[in-house]
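Labels A, B, C and D are assigned to the chains in the order they are written; within every chain, residues are numbered from 1.
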Amino acid sequence: MIELITAGESHGKGLFGILRGIPCGLKIDTDFVNGMLALRQRGFGRGERMKIEKDRINIVSGIDENGVSTGSPIGFFIDNIDTKLNATKRSFTVPRPGHADFAGSVKYNFKNLAMPSERTSGRLSALDVAAGSIAALFLREFGVKVYFAVECIGKTCAFAKDLSEDTFEKVLSSDILAMGKEAEMKAEIENAVKSEDTIGGRGLAIVRNLPAGLGDYNDWRNRADGLVAQAVMSVGTVKSVSIGESGITSGAIYHDPFEMKNGTLKRLSNNAGGIEGGITNGEDVVVRFFSKPIPTVRRGIPSVDIKNGKNTRSVYVRSDTCVVPAVTLVSAMRIALVFASLLTEKFGGETMSDIRASFNNYINSRRAFWQK
Amino acid sequence: MIELITAGESHGKGLFGILRGIPCGLKIDTDFVNGMLALRQRGFGRGERMKIEKDRINIVSGIDENGVSTGSPIGFFIDNIDTKLNATKRSFTVPRPGHADFAGSVKYNFKNLAMPSERTSGRLSALDVAAGSIAALFLREFGVKVYFAVECIGKTCAFAKDLSEDTFEKVLSSDILAMGKEAEMKAEIENAVKSEDTIGGRGLAIVRNLPAGLGDYNDWRNRADGLVAQAVMSVGTVKSVSIGESGITSGAIYHDPFEMKNGTLKRLSNNAGGIEGGITNGEDVVVRFFSKPIPTVRRGIPSVDIKNGKNTRSVYVRSDTCVVPAVTLVSAMRIALVFASLLTEKFGGETMSDIRASFNNYINSRRAFWQK
Amino acid sequence: MIELITAGESHGKGLFGILRGIPCGLKIDTDFVNGMLALRQRGFGRGERMKIEKDRINIVSGIDENGVSTGSPIGFFIDNIDTKLNATKRSFTVPRPGHADFAGSVKYNFKNLAMPSERTSGRLSALDVAAGSIAALFLREFGVKVYFAVECIGKTCAFAKDLSEDTFEKVLSSDILAMGKEAEMKAEIENAVKSEDTIGGRGLAIVRNLPAGLGDYNDWRNRADGLVAQAVMSVGTVKSVSIGESGITSGAIYHDPFEMKNGTLKRLSNNAGGIEGGITNGEDVVVRFFSKPIPTVRRGIPSVDIKNGKNTRSVYVRSDTCVVPAVTLVSAMRIALVFASLLTEKFGGETMSDIRASFNNYINSRRAFWQK
Amino acid sequence: MIELITAGESHGKGLFGILRGIPCGLKIDTDFVNGMLALRQRGFGRGERMKIEKDRINIVSGIDENGVSTGSPIGFFIDNIDTKLNATKRSFTVPRPGHADFAGSVKYNFKNLAMPSERTSGRLSALDVAAGSIAALFLREFGVKVYFAVECIGKTCAFAKDLSEDTFEKVLSSDILAMGKEAEMKAEIENAVKSEDTIGGRGLAIVRNLPAGLGDYNDWRNRADGLVAQAVMSVGTVKSVSIGESGITSGAIYHDPFEMKNGTLKRLSNNAGGIEGGITNGEDVVVRFFSKPIPTVRRGIPSVDIKNGKNTRSVYVRSDTCVVPAVTLVSAMRIALVFASLLTEKFGGETMSDIRASFNNYINSRRAFWQK
C-alpha cells in the first residue's frame, strides 16, 4: 500500500508529507516533481499567492545520497512563504458559503470561522501533487502513463477525439491545460474576473497501460472505481466524478465489444473507462470530474454574522478566480496514488526489482488471455 | 465505525454478512429490513430470478431474545434458492463485455470466465440492502431519514421540485421507484425488452436531518464526500456520482447564501448538496448517480472465445432488463452505512443511550451557531 | 492481507467466520481443519461441553466444487449444539472475577452480567483454530511448518532440547499436548479438580522455515514481533508473551553468532527467537506464553451482587479445569494467521501460482546472503 | 483514533512525526514533552551520542498561537545534530547479530548492511516519547496518570510494594529510573562497560485511573491487552511483555475478589493487571517487559562477511551499554498512546469539551456498578 499522510496549514510554517510504501530502489526525480508543483501554480486566473510561493519539494528522509528510495517513509516539506494571512491573524465570524467555514466551525466549535480554511485551502493540494508525482514516477517504471487536461471552463468545452500522447503533450503547453479553445476559455475567466465572480469547469484524467487485474470485486472498499471516486471527489472543489461514459443508456451500445485481430485481443470502444467489475481491464482508465467555481467571490455572498445573528455579506479573502487547471492536475495525481498503491498491493515486493519480477511473471502467465 | 463484511456467491449456498459496530441497544426491526429486501427485488423489468428468490434476513448473532442489538457483530444470512446456475455448472470462455468476466479472470487466472460473476452479481447487493437498512434504522433514532427515487430511465427523466417526505412516500408505491412519468419510463423498459436490449438510468438519494459536522477535512480518507462517492461508485453498475449541483459554473450563483430569519439560520439554496469542505453542513445530503445499462444483452455483444481466439458473440445468461430502481435503493443503503458509521465515529459510545447523550450534548453546545 | 472476521456467540445459533485474503488456488483440506478442531476439544481437564460439541467446519463460500479456494471470502460455520446455557437464560448479577462480566457490563451497561461471556467464551476460539489451520495449510505450500506444545501445567514443566519434527509429532499424541512429564502434569490437573480449583500453565509455538524478510521495521504496526504479541496476548487467558529468550542479560551471550560453514550461513543459537528488528531472520520463530488459570472456580470467589451491593461469592457455571492445551493450539493458529498474512503482503499475488513465482524469485535473488 | 506516523533516519536530516487524532482544545505543554525527551537521553550507561543531541520538540502544525491543538494533525520535528555517522558513510558487510542488519538487508536487498539501522536505531524512539507524552497530557485531562520504573538491570532487581505516586516521583530522580537498589544496578552497568559487554533488564509501566470499559472483546484487534502487547513488543529491544501476574497457576488464588466496602466496590488484588476480557476494569493497568541487552557489544560477536563469506567478528559502532531506562520510558509512552487512542474511540468527540461531556455522562450512567 502507498499512502500519503499530511500535516501543515495554508499559512502556517509549511506543508509536510509522509509518503509510505514507495518500494526500495526508485529514483526520485525531484525535477519532475518540481515541474508538477510549478504546473499546479501556473495559470491564468490564479490569484496573488501564486506569485508569492515557488513550491519546491524538500525531501528529508527515505532516500539515499543518490536520491533513490530506501523503502523507508519519504518525508518531505514544502515551504510557505506567505504566513501573514494565518487564520489566527484574520479572525472572522461571517461564514463564506461554499467554504468549510460553517461546517468545520460547528464541528470543532471554533469561534474564529477562519480556522477550517487553514486545512481546506487549495494550497494543501501541493502535497498531493508532490506525492502523486512520485507515484507517477513509480508507475512509469511499469510503462504506465498519467495524462490530464481541462475540458471545460464555464460553458466553453473542448473535447479531443484523439487522446494520443501528443495531444496531452500539447495540453502541457497551455496556460490553462486546455484540450482546445484556449482563447475562449481564457475569455470566460476574464469575464469572471470582470464581474467579480469565480468560474468552474471540468477536467479529464487518463491512466494508460495499466495491466488488467488491479482492484478487486470481493470487497467494495477494494474496487478500483470506488477508490478513484473517493480520491477525486475529496479534492476540494470537486462535486462530480465519472468513469467512462455516463450518458449512453442502451446496453447494446454501451458495452465494449471484444475483437481478436492479428492474434491480439482488442476492445472496439472504451465506454467502461477501463474498469469492469471494479477491476482494471487493460484499457485506458478515463476519469472526468466537475470542479465547482471556488467560493471566494469578490463581491461577497449573502451571509450572517454568527456572533450577533445579523444578516450581512461574506468577506473577501484574496483568492483565485479559476482553479480548474490546478484541480485537474491534483485529481490526476490523486489517481496516480491510487493505482500506484493497487499495483504494490497486487505485486507485493518491497524493492523495485522484486516488483518488476512479479509484474513480468504476471503478464507472461496471463498472455493467453489476449494473445494467440 | 460501522462496517459490513460479506461472503457468499450468487448461486452458492447463500449470502452471508457480518455487520460490525452497531451499538448495543438498537431494536432491529426485521420487518423493515425485509420490506427493503422486497423492494430490491420488485419491479418491472426484472428477470426470472426475482420470482424465484424471496429474500428475508436471518440474523444469527449480535441480538438478544427481543431482537435488540448487544454490541456484538450482527451475523446474518440470506438464502439462495436458485443454486442451479452456479458458475461451476455453466462454464464459458467467451467474456461478456461490461461484466467482470475478462478483467476478473485475468486477475485470478480463471479458465472458466463465469467465475467472477458469482461475486459481482447484482444478487450480492441484497447484503448491502440488509445491512444498510439496519444502518437506516440506527440513523432514524437520531431523526435522520434516508430517501431515494429513480429520476431517469433511458431518456425519460422526472425531477421533483418538492423533495418532501410525501414525495418520497409516493415513490415507494411506484413499481420502479419513479419520481414521476412512470408510464413513459415503463415504456422505455418495454422497448428495451422488445429490442432484446437493456436500459440504464439515473437515481437520487437524499439523507435528511444529519447534524452539521460529520466527516473531516483533515485527511482525504475521512471526508464525507469521498466516502459517499466510493460507496456509490462501487455499486455494480454505477459509473458516475455527484453531490449537489454539478452544472453551475458561476461562483456567485453556485454558493448557498446564509440568512438569519426569525432567529434561525437558513440556507437559501443547497447547491453544495449538504457537504462543504468534506463535512456535512446540516442541509440535505443530495447524491445522484448514473447506472449503466446492465451488460447481459439478450442479442449478445461481439466477443471472442478466449480458448481459441475466435471471434463470436457473448452468451446470454438469464438476467434483468433494467436494474435502475434496485441500484437506486442499493446506493441509498450504502450511503446510510456511510453516515451511520460517521455518526458512531463522531459521537463514540457503544450503547444507544451513550450516543444519544453525546449527540444531544453536541447539538446543545453548538446551538449558538444557528439560533439566536 | 489475510484476516478473520467473526460473529456468533458461545450458546447462540453457531459460530460464523469470514476469512478474507486466502489466495485463489489453495486446496482446503477440511480433514486437516477438522483434526485441529478436534484437537482443541480434546483433553484431560476439560468440562462437559467438550463431550457435547463435535466441532466441524462447514465452508459455505469461497471454494469451488473441488474444495479449492477461489480468491473470494471463505465463509464458514461451526454449529453450536449446546444452546441451552445462553446468557439470556442464565442471567446473573454477581460478576465472576477474571471474566469479562464486570468490565464488559460496565462498558455496554448490561444489567445481566452473563452477557459478555457469550463473546469472550473460549468456545469462540474454535473460529481461530479453523481459520488458523487454513492459514497453516497455506504456509505449508511454502514449506513453512507450525508446531506447538504445552511446556508447563501448574508447577510441572517439561522443556525439550530437541525441537525436531519428531518431538512435535509425539506431542500430538499426548492428551494434553505435553512436551514431556505427562503423568505429572495430569496429576496437577487432577489435584485442581479435587480442590475445586482451576490450573494455568505455559505453552510454546514454533514457526519453522519462514523466509527471512517478513514484517517491517518502518512502522511499529508492521513489525512481526508486535503482530505476534498482539495475536497471542489477545487469546482469552494469555497474560504474558515472549519471543526468543527473555532471561539472558549479557549482550555477549544473548546475540546469536553467524557462522559460514560449508558455504552456508548458520546461526549458532536462536535467542532472538527468529525475529530481529521486527523482521523474520530465517530461524525458527519461537513464541512462549503464560495462560492464567481459568476463572470459573467451582468453589466460587468472593464477589458482590451488583444489584444490591451485598458481598457474596461468584456463581459457578459449568466449565473446564485446565485449558492450557487448547490455549496453546489457539495461540499457534493465531500465529499462523499472522505469518500467512505477512507472506501475502510481501509476495502479493492473488493466486497460489503467482505467489509461488514471486516467493521463488525472492529466494533466488537473495541467495547470496546465505550461500557462497 | 490517535496515531503516530513517522519519518526520518537516525543520522539523517532529523526525525519527523505526524500525530493524528489529538482532539481540538488540548494545551500542548512543550516543557513537559521536552522534559520527557530529556529523560529518554539521561542516564548512566548511555553512549556518546546522548551528549551530542539535546532533543527538543519543534511543533510545526496542528496548534494555534497559544499552543492549543486545533484538531488538525500535529506535525513535529526533532533535529539530528550528529549526521556524520549516516549509514551511507559507514557502509559495512558484516551483519551485527541482534540488529536488523541481516534480516533487513535480505528484505530490501541492501548491499550495505548498515542501511536498516537508520530506521531501527533507538534514536527513533524520541518520536514515540514526544508523541506519547502528548498522549499522556491528554490522558491527564481525565485524571489518568502514566507511571514507569526500571525493576531489574542484569540480575539486580528491586520491586516496590507501594506503587503510590510518591514512589514513582522518586523514580524520576534516579539516574536510571530505578525502583530501588540504584547503586547495585549501576554497578551492574559498570561491570558491563568494563567487560566490553552490554546489559539488559526489566521495566514496569502503570496506567492509573483509566475508566472501566476501554478496549473491546468483540474483535481480537480491538482488545486492550493485545494492543498494549503489540505496542510494547515492537519497541526495539523488548522480547517479552506481561500484563498483571504471570506466575500464579491456581485459579482460586489468581482471580481478584470483589468486595463492597462503605458503599464502594473494591478489588482485593490486581493480578489481572487492570484488564479482563480485553477490557480495562478500572484497576491499574500493569505492564512489565524484558529488554534484551543491546546488540552493539564492544568486543564484537562472531559473524560473517556477506561479501566474501569469510568468518569474522561484527564491527563495533559507537553505542550505549544499557538502555533499560530509556526502553522503560518509551514503552510507557507507547502505552499512553494506546489508551489515549482507545479513549477517543470510546468517547468520540473532536473537541476536549465534547469528550469531557461524553466521559462524564458515561461515568455517571455507570456509577451503580461500583457505588451503592
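Definition applied: contacts are C-beta pairs under 8 Å (C-beta built on N, C-alpha and C of every residue); 3 or more make two chains touch, one makes a residue touch a chain.
Please read all numbers here as calculations on a predicted model, not as lab measurements.
Asks: Counting C-beta pairs in contact, which chain pair has more, A-B or B-D?
Replies: Output for the comparison: A-B.
Asks: I'd like to know which pair from B-C, A-C or C-D copies the A-D interface, where a copy means over half of the contact pairs are the same by residue number.
Replies: Most of the A-D contacts reappear at B-C.
Asks: What whole-number Å value describes the gap between the mean CA coordinates of subunit B and subunit D?
Replies: For subunit B versus subunit D, the centre distance works out to 44 Å.
Asks: Rounded to a whole Å, what is the gap between the Cα centroids of subunit A and subunit B?
Replies: That pair's centroid distance is 26 Å.
Asks: Check each residue of subunit C and list the ones that touch at least two other chains.
Replies: In subunit C, residues 5-6, 20, 71-73, 107, 109, 119, 213, 216, 218-219, 350, 353-354, 365 touch at least two other chains, as defined above.
Asks: So in the complex, the part of subunit B that touches subunit C is made up of which residues?
Replies: 5-9, 12-14, 16, 18, 20, 24-25, 60-62, 64-65, 70-75, 88, 107-110, 115, 118-119, 350-351, 353-354
Asks: In the complex of these two chains, what residues of subunit C are touching subunit A?
Replies: 20, 71-73, 213, 216, 218-219, 344-350, 353-354, 357-358, 361-362, 365
Asks: Quick check on the complex: what are the subunit A residues that touch subunit B?
Replies: Going through subunit A, the ones touching subunit B are 5-6, 95-100, 102-107, 109, 116, 119-120, 128, 152-155, 192, 195-201, 212-213, 216-221, 223, 225-236, 238-252, 254-260, 263, 265, 267-268, 271-273, 275-282, 290, 292-297, 299, 301-304, 306, 308-311, 334, 365-366, 368-369, 372.
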